[in-house]
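One structure follows; several queries about it will come next.
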Amino acid sequence: MIEWINVLVQGVLLGGLYALFAAGLSLIFGVMRLVNIAHGDLIILAAYLGLSTTIMFGVHPFAAALLVLPVMAIIGYVLQRGILNQTLGPDILPPLLVTFGLSVIIQNALLEGYSADPQKLSAGAIETASVNVGSLTIGILPLLTFAIAVAVIAGLQWMFYSTALGRGFRAVSDNQDIAQLMGLNKAHVFGLAMALALAVTGIAGILLGIRTSFDPSIGGGRLIFGFEAVIIGGLGNIWGTLAGGVILGVAQTIGAKIDPGWQVLAGHIAFLVVLAIRPNGLFPRVQH
Amino acid sequence: MSDPILSLSKLNAYYGDFQALYGVDMDIHAGEVVAIIGANGAGKSTLMRSISGLMSNASDQVRFKGEAIGSLRADEVAYRGLALVPEGRQLFPSLSVEENLMLGGKVGRAGPWSLDTVFELFPVLQERRKQASTSLSGGQQQMVAIGRALMANPEVILFDEISLGLAPVIIKTIYDALPGIIGGGMTALVVEQDISKALEVSSRVFCLQEGRVSLAGATHDVTRDQITAAYFGVVA
Amino acid sequence: MRSPAVYRATRASRIAMVVAALGLIVLAAAPWWAGRADLRLMGEVFLYLSLACLWNLMAGYAGLVSVGQQAFVGFGGYMLFALTIFGGLPPIAAILIGGLLAALLSIPIASLIFRLKGAYFAIGTWVVAEVFRLTFAQIASLGGGSGTSLPVGIVRSLADGRSAREALSYWLALGAAIVVVSAVYLFLRSRRGLALTAIRDSEVAASGLGIDIWRTKLEVYVVTSAFTAIIGGLIFLQKLRISPDAAFSVNDWTAFVIFIVVIGGIGTLEGPIIGTLLFFLLRETLADFGTIYLMVLGVVAIVVMLKAPKGVWGLIRDRYDLELFPLSYRIKLNDPKDP
Amino acid sequence: MSALLSVSGLKKSFGAVKVADDSSFEIARGDAVGILGPNGAGKTSLFNLITGALKPDAGQITFDGADITSTPAAKRCKMGIARSFQVPQPFGGMTVYENALVGAMQGAGLSGHAAENHALQVLTDTGLLAKANQRAGSLTLLDRKRLEMARALSAQPKLLLLDEIAGGLTEAECTSLIDTIRAVHATGTTIIWIEHVVHALLAIVDRLIVIDFGKKIAEGSPKTIMDSPEVKEIYLGVDPDV
């Protein structure tokens, strides 16, 4: 019994990481209807940036985030205004193909720069620290990851609904032409949205790098986890994204409990089951 | 006469291969209220899109206070003091009434219009400020759309078919509010398919037919027959 | 005045047909004039050409932008191994049955992922491919995660001697490409093909004119899946070794295929052919640069998509009004009057 | 004799906006009916409901004796309902002739030479033959509107729905359009026509239906309707006293 509760708790906490993968994806889809195939590779890029920063300056990965986040944000803004804005439109192929191209470029650039050897961010004692709750042992790092995920999502929710920036995001998402009439330059607004999304991706990348080892080829898998969390939770609902991440995480830990080879597969199957019974996700945004 | 505040010279507009406007010339002076009428497809909305920057044209075909703005983006035009109340209201559904209005004020131009003065003009909006804009009636939505454009404190305001899809009694309410808006010296272009309403508020009228100006003159000079001829292209 | 006549073949298409026929004779004789490495390379070219044609039919015409075709490439490959090793079937029969099984399997998959729209459909297909990969990695008798080789006995059963096997493998690839290109061409030329082209241009108008969009897309998806699996079988018949990562590689079987189609010209039959030739030209030229070559490929794909979204063939066609595959209906006006 | 199309209690709304509000009417075989109403009154939505592009919230549609309320759009076309789109939706990558051929093959269910000849005939009738080889995407707006009608006719409909096809035509073009529609009507095709160019409409139809806010507010002979002061006010916005 306690074993299964443990599985459940681990799954929920793992879901926090997946929600972080998903949050950026969800944000840019919400604002500009863009699905970024390179999203997973950008997470891995952030992990490598974190790695280089820790090595170069000899700092803790959390301190490295102070550099990685703004760099990722700048990459996002430049990418959006330089390339991705030109792909937006009714046709889905240009953004898909261009981000696919980016994915191949990022993967191979990382391969060229860092080789295919697995790497890991070393965060010291926190990696193994844990607290006991009753007879459960909960790792501090997963707990912290989950808390960060909740904070990030709460922050995004607040930004979206209570700030001028968020108002601009919603307006551009509703009607680009009319938003432009109100003095919003959509190219800039999209750039800001991508900057914010990649800053979140930066957080996700560093936490991923501390938690597990990574290599240039694993971006695609992270994209899929994020995507599954978004769809399970329901498009356009940012708290739903957290719920989606948690469901995915729990499905994976249950799968792993049955057979270690089943971890990822169980997550995919959970996703397909949700798709079969609730094609709009579990918590779709209510239409007014 | 002083220089026009808004001036169109030989304005051509295209959608791909299709030419929607053919060499439209128009001078609008500060403080004027000008009506633009014409049948469906005559090019009225294209004209509004061209002036407001939603459609890009040759730079010097549209001039605002002497500056060539024909090729500027809509947001750049908005900052210069030109606002559009779009056809069909087009409020932002994810924004509340108040947020819609606040976004209108984003360009931050100084002037008489603020949340308070807009609520004074349309008191019903104050009661509903926190509501989703989609929960309002058509007439109330139109008030938000007008208020949103006013919040920019524009020098020239364009009204595109503001009576569209509204019941006659509501249209009357909206038009009754117009003098309070443009009485303050604001320049206005009123596009309407409700011809009599347009003529009522305007001092000059342009009629468009198939992308060309088919009639132009002072409102009190043009006759109903002239309008019918210019509007339909045939004498009824 | 005689009534106007409808015709389809043009001078360019007739010339292209003759050139293609001559070219095919030369290609069919390749085992007698080409070296072993060239033969292998050409076989690979034909298999990529087939994959590109199939993906183009799905994405360029039916609007089903899948990034998960590796699911069926890998499935076809694994069926070759499973049906020959455990079923004792001859390899070619195993490949064909693999295609049939893929068609059956694609129906329930379609009923699930057709619920996703646009780019989400694309990633949904990728999830399915991952499910395939992880599932086959669980099958211990096929080598699990590390994969397995085709037993020597089965390889020998193909033909006597290595050069005969390599010639056979080449001919199978050439034959597959001919079958796929012809099948796609004949399909697009038929009334169903016309309906599919209409869907490509406007779904709302197509459904208003009596075209069942869902069914048409399903048919395309099922047929494409079957052929893709058969090509997958042939790919791994050439390789003689299979593993989950190689069989279900998104880069090898989907990303490159998409790049080929987009660079060549999506939504045309000529595009994938030109794209395949350019892809291999680029690959052979930059082969020594390793990962740089892949980055260049990514950049080329992005630049083409942004600057010339109709691809190389789109540029040529717009400029010269050329059509090598006579799909269009043209009207010969006998009495051209001024409108 | 039973009606070809019968609509009863049809309701459809998008949020607070009602595009069909308890609409009921019947169209007899061989009728030519005009629909009037201001922009945004729900005219095009009515066509979307009849053709199956929209699902009604309530109400019933019967066509040719069969309940088609939940029949998919494609099937309705095969049963004999074809429409033109107000905003033209050409198959832009195909030629003008191929556009018509799609209707002939799919909608009318013809094949081979029968389909090819029918498509040619339709292009001849609608004056598009000279542009048969042109890509539909490169047509001017006027030709796109012609193509809309040609494509609808190519499906050999029993009921033809025309959505604002006369707007922006010159007088001569309008006359030839009227002739074409009259010829189609003469072959027994039932027509419902939404049109702002009233004089074109009046040349064809023998009955008018006026809608506003999704509600049918008047129905009758063109003369009664056009003389009705309330219609003048609602539709033209012109004060009847002027």
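Per-chain numbering from 1; labels A, B, C and D assigned in written order.
Operating definition for what follows: a residue touches a chain if its C-beta (ideal position, glycine included) is under 8 Å from a C-beta of that chain, and two chains touch if they have at least 3 such contacts.
This is a predicted model, so every value here is computed, not measured.
Common neighbours of chain A and chain B (chains touching each): not present. Ranking every chain by how far its Cα centroid lies from the centroid of chain D, the top place goes to A.
The greater number of contacting C-beta pairs, out of the two interfaces C-D and B-D, is seen for C-D. The mean-CA centres of chain B and chain C are about 53 angstrom from one another, to the nearest whole unit. Chain centres here are Cα averages; for chain C and chain D they lie 42 Å apart. For the pair chain A and chain C, the distance between C-alpha centroids works out to 33 Å. The multi-chain contact residues of chain B, meaning those touching 2 or more other chains, are 134-135. The set of chain A residues touching two or more other chains comprises 288.
Multi-chain contact residues of chain C (touching two or more other chains): none found. Viewed as a contact network, the protein chains form a single closed ring in which every chain touches exactly two others. Interface note: chains touch in the pairs A-B, A-C, B-D, C-D.
Per the touch definition, chain C reaches chain D in the complex via residues 3-4, 6, 191, 194-195, 197-198, 200-202, 204-213, 267, 328-331, 333, 336-339.
Per the touch definition, chain B reaches chain A in the complex via residues 52-54, 73-76, 78-79, 83-84, 86, 90, 92-95, 99, 102-104, 106-107, 132, 134-135, 148, 152.
Across the interface of their complex, chain C is touched by residues 51-53, 72-75, 77-78, 82-83, 85, 89-95, 97-99, 101-103, 105-107, 109, 111, 115-117, 120, 127, 129-133, 136, 151, 155 of chain D.
Looking at the complex, you find that chain B touches chain D at residues 15, 17-18, 39-42, 88, 134-138, 161, 163-165, 167-168, 192-197, 210, 224, 232-234, 236. Of all residues in chain A, those touching chain C in their complex are 34-35, 37, 83, 86-87, 92-98, 100-105, 107-109, 111-112, 220-221, 223-224, 227-228, 231, 261-262, 264-265, 268-269, 271-272, 275-276, 279.
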